[in-house]
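Naming follows writing order (A, B, C, D, E and F), and every chain is counted from residue 1.
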(Lines give C-alpha, C1' and ligand atoms only; values in the text may rest on other atoms or scores of the structure.)
Protein backbone atom coordinates (compact mmCIF):
# COMPACT_ATOMS: atom_id res chain seq x y z
CA UNK A 1 0.00 0.00 0.00
CA UNK A 2 1.20 3.53 -0.78
CA UNK A 3 -0.40 6.66 0.65
CA UNK A 4 -0.52 10.29 -0.49
CA UNK A 5 0.69 11.63 2.89
CA UNK A 6 4.16 13.08 2.15
CA UNK A 7 5.78 12.54 5.52
CA UNK A 8 6.76 9.21 7.05
CA UNK A 9 9.36 9.37 9.80
CA UNK A 10 10.96 6.08 10.82
CA UNK A 11 11.19 5.47 14.54
CA UNK A 12 10.66 3.15 17.49
CA UNK A 13 7.74 3.10 19.91
CA UNK A 14 8.97 4.18 23.38
CA UNK A 15 5.70 4.60 25.24
CA UNK A 16 1.99 3.85 24.84
CA UNK A 17 -0.58 5.40 27.16
CA UNK A 18 -4.16 4.31 26.62
CA UNK A 19 -6.95 6.58 27.81
CA UNK A 20 -10.64 5.70 27.82
CA UNK A 21 -10.97 6.17 24.02
CA UNK A 22 -7.78 7.94 22.87
CA UNK A 23 -4.20 6.67 23.18
CA UNK A 24 -0.92 8.57 23.08
CA UNK A 25 1.92 6.75 21.35
CA UNK A 26 5.42 8.15 21.71
CA UNK A 27 7.87 7.41 18.93
CA UNK A 28 11.61 8.04 19.10
CA UNK A 29 12.61 9.50 15.73
CA UNK A 30 16.40 9.98 15.67
CA UNK A 31 16.39 11.11 19.30
CA UNK A 32 13.34 13.41 19.01
CA UNK A 33 10.09 12.23 20.56
CA UNK A 34 7.04 12.40 18.29
CA UNK A 35 3.64 11.95 19.98
CA UNK A 36 0.72 10.48 18.03
CA UNK A 37 -2.79 10.77 19.41
CA UNK A 38 -4.74 7.86 17.92
CA UNK A 39 -7.70 5.66 18.87
CA UNK A 40 -7.28 2.76 21.32
CA UNK A 41 -8.71 0.54 18.56
CA UNK A 42 -5.83 1.45 16.23
CA UNK A 43 -3.30 0.56 18.94
CA UNK A 44 -4.92 -2.85 19.28
CA UNK A 45 -5.45 -3.55 15.59
CA UNK A 46 -1.84 -2.66 14.68
CA UNK A 47 -0.60 -4.60 17.73
CA UNK A 48 1.54 -1.63 18.78
CA UNK A 49 4.05 -2.30 21.56
CA UNK A 50 7.13 -0.64 23.06
CA UNK A 51 10.28 -1.32 21.06
CA UNK A 52 8.43 -1.79 17.76
CA UNK A 53 9.67 -0.18 14.54
CA UNK A 54 7.00 2.09 13.06
CA UNK A 55 6.59 5.21 10.96
CA UNK A 56 4.98 8.43 12.14
CA UNK A 57 2.87 9.50 9.15
CA UNK A 58 1.76 13.12 8.67
CA UNK A 59 -0.15 14.85 5.85
CA UNK A 60 1.72 17.94 4.58
CA UNK A 61 -1.26 20.21 5.20
CA UNK A 62 -0.91 19.40 8.93
CA UNK A 63 2.71 20.58 9.19
CA UNK A 64 3.44 24.13 10.36
CA UNK A 65 6.78 25.94 10.36
CA UNK A 66 8.19 27.99 13.24
CA UNK A 67 11.21 30.25 13.42
CA UNK A 68 13.01 31.36 16.60
CA UNK B 1 5.93 31.92 23.10
CA UNK B 2 5.13 28.31 23.93
CA UNK B 3 2.52 26.28 22.08
CA UNK B 4 0.47 23.19 23.00
CA UNK B 5 1.48 21.28 19.85
CA UNK B 6 3.64 18.40 21.13
CA UNK B 7 5.90 17.92 18.15
CA UNK B 8 8.62 20.31 17.01
CA UNK B 9 11.30 18.79 14.80
CA UNK B 10 14.44 20.86 14.25
CA UNK B 11 15.62 21.11 10.65
CA UNK B 12 16.80 23.26 7.78
CA UNK B 13 14.75 24.58 4.86
CA UNK B 14 15.96 22.90 1.64
CA UNK B 15 13.28 23.99 -0.82
CA UNK B 16 10.37 26.43 -1.08
CA UNK B 17 7.87 26.21 -3.90
CA UNK B 18 5.20 28.90 -3.99
CA UNK B 19 1.96 28.19 -5.80
CA UNK B 20 -0.80 30.71 -6.43
CA UNK B 21 -2.02 30.64 -2.79
CA UNK B 22 -0.33 27.62 -1.15
CA UNK B 23 3.41 27.02 -0.73
CA UNK B 24 5.30 23.77 -0.12
CA UNK B 25 8.28 24.09 2.19
CA UNK B 26 10.68 21.17 2.42
CA UNK B 27 12.63 20.79 5.64
CA UNK B 28 15.57 18.43 6.13
CA UNK B 29 15.10 16.85 9.57
CA UNK B 30 18.11 14.63 10.29
CA UNK B 31 18.25 13.48 6.68
CA UNK B 32 14.48 12.91 6.30
CA UNK B 33 12.53 15.43 4.22
CA UNK B 34 9.41 16.84 5.88
CA UNK B 35 7.02 18.78 3.61
CA UNK B 36 4.86 21.55 5.05
CA UNK B 37 1.97 22.91 3.03
CA UNK B 38 1.39 26.46 4.28
CA UNK B 39 0.09 29.77 2.90
CA UNK B 40 2.29 32.00 0.72
CA UNK B 41 1.61 34.77 3.26
CA UNK B 42 3.20 32.70 6.04
CA UNK B 43 6.31 32.14 3.89
CA UNK B 44 6.62 35.89 3.43
CA UNK B 45 5.80 36.91 6.97
CA UNK B 46 8.31 34.48 8.49
CA UNK B 47 10.88 35.43 5.82
CA UNK B 48 11.50 31.76 5.05
CA UNK B 49 14.49 31.00 2.81
CA UNK B 50 16.60 28.01 1.83
CA UNK B 51 19.26 27.20 4.43
CA UNK B 52 17.28 28.65 7.34
CA UNK B 53 17.00 26.79 10.66
CA UNK B 54 13.34 26.15 11.50
CA UNK B 55 11.12 23.71 13.33
CA UNK B 56 8.42 21.59 11.72
CA UNK B 57 5.53 21.80 14.22
CA UNK B 58 2.76 19.18 14.30
CA UNK B 59 -0.23 18.72 16.63
CA UNK B 60 -0.34 15.17 18.08
CA UNK B 61 -3.87 14.58 16.81
CA UNK B 62 -2.49 14.94 13.26
CA UNK B 63 0.11 12.17 13.62
CA UNK B 64 -0.74 8.66 12.44
CA UNK B 65 1.24 5.46 12.98
CA UNK B 66 2.02 2.87 10.31
CA UNK B 67 3.56 -0.59 10.59
CA UNK B 68 5.17 -2.56 7.73
CA UNK C 1 1.69 -1.57 5.38
CA UNK C 2 -1.09 -0.91 7.88
CA UNK C 3 -1.99 2.54 9.18
CA UNK C 4 -3.71 3.77 12.34
CA UNK C 5 -6.24 5.91 10.40
CA UNK C 6 -9.58 4.19 11.02
CA UNK C 7 -11.37 5.11 7.80
CA UNK C 8 -10.57 3.76 4.34
CA UNK C 9 -13.36 4.08 1.80
CA UNK C 10 -12.97 2.09 -1.41
CA UNK C 11 -13.68 3.99 -4.62
CA UNK C 12 -12.63 4.94 -8.11
CA UNK C 13 -10.89 8.13 -9.25
CA UNK C 14 -13.30 10.15 -11.43
CA UNK C 15 -11.43 13.45 -11.75
CA UNK C 16 -8.01 14.94 -11.04
CA UNK C 17 -7.43 18.69 -11.17
CA UNK C 18 -3.87 19.83 -10.59
CA UNK C 19 -3.28 23.39 -9.40
CA UNK C 20 0.11 25.05 -9.06
CA UNK C 21 0.99 23.10 -5.87
CA UNK C 22 -2.24 21.45 -4.68
CA UNK C 23 -4.38 18.92 -6.56
CA UNK C 24 -8.02 17.96 -6.07
CA UNK C 25 -8.78 14.29 -6.60
CA UNK C 26 -12.41 13.24 -6.83
CA UNK C 27 -13.23 9.68 -5.83
CA UNK C 28 -16.56 7.96 -6.44
CA UNK C 29 -17.38 6.01 -3.26
CA UNK C 30 -20.60 4.06 -3.83
CA UNK C 31 -22.09 6.93 -5.80
CA UNK C 32 -20.98 9.70 -3.41
CA UNK C 33 -18.13 11.94 -4.53
CA UNK C 34 -15.30 12.35 -2.01
CA UNK C 35 -12.79 15.15 -2.74
CA UNK C 36 -9.20 14.83 -1.52
CA UNK C 37 -6.95 17.88 -1.52
CA UNK C 38 -3.40 16.54 -1.78
CA UNK C 39 -0.03 17.69 -3.18
CA UNK C 40 0.72 17.48 -6.91
CA UNK C 41 3.77 15.42 -5.95
CA UNK C 42 1.56 12.76 -4.32
CA UNK C 43 -0.56 12.54 -7.49
CA UNK C 44 2.58 11.90 -9.51
CA UNK C 45 4.27 9.54 -7.09
CA UNK C 46 1.17 7.35 -6.73
CA UNK C 47 0.58 7.54 -10.50
CA UNK C 48 -3.05 8.52 -9.90
CA UNK C 49 -5.30 8.47 -12.99
CA UNK C 50 -9.01 8.52 -13.77
CA UNK C 51 -10.59 5.08 -13.48
CA UNK C 52 -8.09 3.82 -10.90
CA UNK C 53 -9.24 1.91 -7.79
CA UNK C 54 -8.11 3.70 -4.65
CA UNK C 55 -9.08 4.25 -1.03
CA UNK C 56 -9.97 7.59 0.53
CA UNK C 57 -8.21 7.47 3.92
CA UNK C 58 -9.31 9.70 6.81
CA UNK C 59 -8.13 9.94 10.44
CA UNK C 60 -11.07 9.67 12.88
CA UNK C 61 -10.20 12.96 14.56
CA UNK C 62 -10.89 14.68 11.21
CA UNK C 63 -14.47 13.37 10.90
CA UNK C 64 -17.36 15.54 12.09
CA UNK C 65 -21.01 14.56 12.45
CA UNK C 66 -23.98 16.62 11.26
CA UNK C 67 -27.68 16.18 11.83
CA UNK C 68 -30.49 17.72 9.76
CA UNK D 1 -26.83 26.21 6.99
CA UNK D 2 -24.32 25.30 4.31
CA UNK D 3 -20.65 24.57 5.00
CA UNK D 4 -17.52 24.72 2.85
CA UNK D 5 -16.45 21.14 3.74
CA UNK D 6 -16.79 19.22 0.46
CA UNK D 7 -17.57 15.79 1.84
CA UNK D 8 -20.80 14.76 3.54
CA UNK D 9 -21.48 11.02 3.59
CA UNK D 10 -24.99 9.96 4.55
CA UNK D 11 -25.20 7.13 7.08
CA UNK D 12 -26.69 5.76 10.26
CA UNK D 13 -25.16 5.78 13.76
CA UNK D 14 -24.35 2.19 14.78
CA UNK D 15 -22.30 2.76 17.92
CA UNK D 16 -21.38 5.54 20.36
CA UNK D 17 -18.61 5.09 22.90
CA UNK D 18 -18.06 7.98 25.29
CA UNK D 19 -14.66 8.34 26.94
CA UNK D 20 -13.84 10.83 29.67
CA UNK D 21 -13.69 13.78 27.23
CA UNK D 22 -13.67 12.28 23.71
CA UNK D 23 -16.34 10.06 22.12
CA UNK D 24 -16.11 7.68 19.18
CA UNK D 25 -19.17 7.60 16.96
CA UNK D 26 -19.43 4.82 14.38
CA UNK D 27 -21.50 5.53 11.29
CA UNK D 28 -22.56 2.92 8.74
CA UNK D 29 -22.10 4.51 5.30
CA UNK D 30 -23.35 2.09 2.65
CA UNK D 31 -21.93 -0.86 4.57
CA UNK D 32 -18.56 0.77 5.40
CA UNK D 33 -17.99 1.90 8.98
CA UNK D 34 -16.77 5.48 9.40
CA UNK D 35 -15.47 6.44 12.86
CA UNK D 36 -15.73 10.04 14.06
CA UNK D 37 -13.76 11.13 17.09
CA UNK D 38 -15.66 14.09 18.55
CA UNK D 39 -16.21 15.72 21.96
CA UNK D 40 -18.68 14.24 24.46
CA UNK D 41 -20.35 17.65 24.47
CA UNK D 42 -21.07 17.41 20.73
CA UNK D 43 -22.67 13.98 21.23
CA UNK D 44 -24.95 15.47 23.87
CA UNK D 45 -25.76 18.71 22.08
CA UNK D 46 -26.67 16.94 18.82
CA UNK D 47 -28.59 14.28 20.79
CA UNK D 48 -26.78 11.52 18.91
CA UNK D 49 -28.15 8.01 19.37
CA UNK D 50 -27.85 4.61 17.71
CA UNK D 51 -30.07 4.29 14.65
CA UNK D 52 -30.07 8.02 13.88
CA UNK D 53 -29.57 9.31 10.32
CA UNK D 54 -26.54 11.60 10.16
CA UNK D 55 -23.82 12.77 7.80
CA UNK D 56 -20.10 12.20 8.30
CA UNK D 57 -18.58 15.55 7.28
CA UNK D 58 -14.92 15.83 6.23
CA UNK D 59 -12.87 18.80 4.92
CA UNK D 60 -11.08 17.92 1.65
CA UNK D 61 -7.68 18.84 3.06
CA UNK D 62 -8.11 16.00 5.58
CA UNK D 63 -8.64 13.27 2.95
CA UNK D 64 -5.67 11.17 1.81
CA UNK D 65 -5.53 8.72 -1.08
CA UNK D 66 -3.99 5.23 -0.93
CA UNK D 67 -3.29 2.72 -3.68
CA UNK D 68 -2.71 -1.02 -3.22
CA UNK E 1 -28.36 21.48 10.03
CA UNK E 2 -26.26 21.20 13.20
CA UNK E 3 -22.64 20.05 13.23
CA UNK E 4 -20.41 18.51 15.91
CA UNK E 5 -17.62 21.10 15.40
CA UNK E 6 -17.60 23.11 18.65
CA UNK E 7 -16.36 26.42 17.32
CA UNK E 8 -18.32 28.80 15.10
CA UNK E 9 -17.12 32.38 15.11
CA UNK E 10 -19.44 34.96 13.57
CA UNK E 11 -17.81 37.40 11.17
CA UNK E 12 -17.84 39.17 7.84
CA UNK E 13 -15.90 38.26 4.70
CA UNK E 14 -13.29 40.98 4.01
CA UNK E 15 -11.22 39.35 1.27
CA UNK E 16 -11.31 36.35 -1.07
CA UNK E 17 -8.25 35.30 -3.04
CA UNK E 18 -8.71 32.39 -5.40
CA UNK E 19 -5.67 30.38 -6.44
CA UNK E 20 -5.68 27.66 -9.07
CA UNK E 21 -7.40 25.11 -6.78
CA UNK E 22 -7.31 26.60 -3.26
CA UNK E 23 -8.84 29.89 -2.09
CA UNK E 24 -8.03 32.01 0.95
CA UNK E 25 -11.03 33.65 2.58
CA UNK E 26 -10.40 36.33 5.20
CA UNK E 27 -13.07 36.84 7.82
CA UNK E 28 -13.20 39.75 10.24
CA UNK E 29 -14.22 38.30 13.62
CA UNK E 30 -14.62 41.16 16.11
CA UNK E 31 -11.62 42.96 14.64
CA UNK E 32 -9.37 39.89 14.36
CA UNK E 33 -8.76 38.46 10.89
CA UNK E 34 -9.35 34.70 10.54
CA UNK E 35 -8.06 33.10 7.33
CA UNK E 36 -9.77 29.99 5.94
CA UNK E 37 -8.04 27.95 3.26
CA UNK E 38 -10.83 26.18 1.35
CA UNK E 39 -11.45 24.89 -2.17
CA UNK E 40 -12.41 27.25 -5.01
CA UNK E 41 -15.47 25.03 -5.50
CA UNK E 42 -16.66 25.78 -1.96
CA UNK E 43 -16.30 29.52 -2.57
CA UNK E 44 -18.49 29.19 -5.66
CA UNK E 45 -21.05 26.82 -4.20
CA UNK E 46 -21.59 28.96 -1.09
CA UNK E 47 -21.61 32.11 -3.24
CA UNK E 48 -19.08 33.76 -0.92
CA UNK E 49 -18.48 37.47 -1.47
CA UNK E 50 -16.90 40.38 0.37
CA UNK E 51 -19.22 41.87 2.99
CA UNK E 52 -21.15 38.64 3.55
CA UNK E 53 -22.00 37.45 7.09
CA UNK E 54 -20.52 33.99 7.69
CA UNK E 55 -19.18 31.78 10.45
CA UNK E 56 -15.63 30.47 10.67
CA UNK E 57 -16.10 26.86 11.80
CA UNK E 58 -13.31 24.90 13.50
CA UNK E 59 -13.20 21.39 15.01
CA UNK E 60 -11.86 21.47 18.60
CA UNK E 61 -9.11 18.96 17.80
CA UNK E 62 -7.66 21.55 15.38
CA UNK E 63 -7.31 24.30 17.99
CA UNK E 64 -3.98 24.77 19.76
CA UNK E 65 -3.19 27.00 22.74
CA UNK E 66 -0.18 29.31 23.04
CA UNK E 67 1.13 31.30 25.98
CA UNK E 68 3.50 34.32 25.80
CA UNK F 1 9.13 32.26 18.23
CA UNK F 2 6.88 32.91 15.23
CA UNK F 3 4.70 30.24 13.62
CA UNK F 4 3.22 29.85 10.14
CA UNK F 5 -0.33 29.27 11.48
CA UNK F 6 -2.28 32.34 10.34
CA UNK F 7 -4.84 32.53 13.11
CA UNK F 8 -4.16 33.49 16.72
CA UNK F 9 -7.16 34.68 18.69
CA UNK F 10 -6.47 36.38 22.01
CA UNK F 11 -8.57 35.20 24.91
CA UNK F 12 -8.78 34.04 28.51
CA UNK F 13 -9.01 30.47 29.80
CA UNK F 14 -12.45 29.95 31.39
CA UNK F 15 -12.48 26.19 31.89
CA UNK F 16 -10.12 23.19 31.76
CA UNK F 17 -11.45 19.65 31.81
CA UNK F 18 -8.84 16.92 31.85
CA UNK F 19 -9.81 13.47 30.62
CA UNK F 20 -7.62 10.37 30.85
CA UNK F 21 -5.35 11.50 27.97
CA UNK F 22 -7.13 14.43 26.28
CA UNK F 23 -8.10 17.76 27.85
CA UNK F 24 -10.68 20.32 26.74
CA UNK F 25 -9.67 23.92 27.30
CA UNK F 26 -12.32 26.61 26.91
CA UNK F 27 -11.14 30.06 25.93
CA UNK F 28 -13.30 33.20 26.01
CA UNK F 29 -12.48 35.14 22.84
CA UNK F 30 -14.40 38.42 22.88
CA UNK F 31 -17.41 36.71 24.41
CA UNK F 32 -17.36 33.65 22.14
CA UNK F 33 -16.19 30.37 23.65
CA UNK F 34 -13.49 28.52 21.67
CA UNK F 35 -12.80 24.92 22.71
CA UNK F 36 -9.35 23.42 22.20
CA UNK F 37 -8.88 19.67 22.48
CA UNK F 38 -5.23 19.15 23.45
CA UNK F 39 -3.16 16.60 25.39
CA UNK F 40 -3.09 16.60 29.20
CA UNK F 41 0.70 16.91 28.91
CA UNK F 42 0.35 20.21 27.03
CA UNK F 43 -1.94 21.57 29.76
CA UNK F 44 0.70 20.72 32.35
CA UNK F 45 3.73 21.88 30.41
CA UNK F 46 2.18 25.26 29.58
CA UNK F 47 0.88 25.57 33.16
CA UNK F 48 -2.59 26.42 31.87
CA UNK F 49 -5.06 27.67 34.47
CA UNK F 50 -8.41 29.44 34.58
CA UNK F 51 -8.08 33.21 34.14
CA UNK F 52 -4.85 32.98 32.12
CA UNK F 53 -4.36 35.07 28.97
CA UNK F 54 -3.66 32.80 25.99
CA UNK F 55 -4.10 32.62 22.24
CA UNK F 56 -6.16 30.03 20.40
CA UNK F 57 -3.97 29.13 17.41
CA UNK F 58 -5.44 27.57 14.26
CA UNK F 59 -3.88 26.62 10.90
CA UNK F 60 -5.82 28.15 7.97
CA UNK F 61 -6.33 24.76 6.32
CA UNK F 62 -8.37 23.74 9.40
CA UNK F 63 -10.87 26.62 9.12
CA UNK F 64 -14.17 26.06 7.31
CA UNK F 65 -16.77 28.64 6.33
CA UNK F 66 -20.51 28.31 6.85
CA UNK F 67 -23.40 30.45 5.62
CA UNK F 68 -26.94 30.55 7.05
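By our rule, contacts are C-beta pairs under 8 Å (C-beta built on N, C-alpha and C of every residue); 3 or more make two chains touch, one makes a residue touch a chain.
What you see is a predicted model, and the numbers here were worked out from it, not measured in a lab.
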Lowest number of touching-chain links that must be crossed from chain B to chain F: 1
Return the distance between the CA-based centres of chain B and chain E, expressed in whole Å. 22
Distance between the CA centroids of chain A and chain E (whole Å) is 29
Using mean C-alpha positions as chain centres, tell me how far chain A is from chain C in Å, no decimals. 21
Could you say which residues in chain E touch two or more other chains, in rising order? 1-6, 19-20, 22, 24, 35-39, 41-42, 46, 57, 59-62, 64-68
Once you draw an edge for every pair of touching chains, what topology comes out, line, ring, star, complete or other? other
Listed by label, touching pairs are A-B, A-C, A-D, A-F, B-C, B-E, B-F, C-D, C-E, D-E, D-F, E-F
Using the touch definition up top, name the residues of chain B that touch chain C in the complex. 17-20, 22-24, 35, 37, 61-62, 64-68
Chain F contact footprint on chain E (complex, rising order): 3, 5-10, 24-25, 27, 29-32, 34-38, 42, 46-48, 52-68
Could you pull out which chain E residues touch chain C in their complex? 1-5, 19-22, 39, 41, 59, 61
Considering the complex alone, what residue numbers of chain C touch chain A? 1-6, 36-39, 41-43, 45-46, 57, 59-61
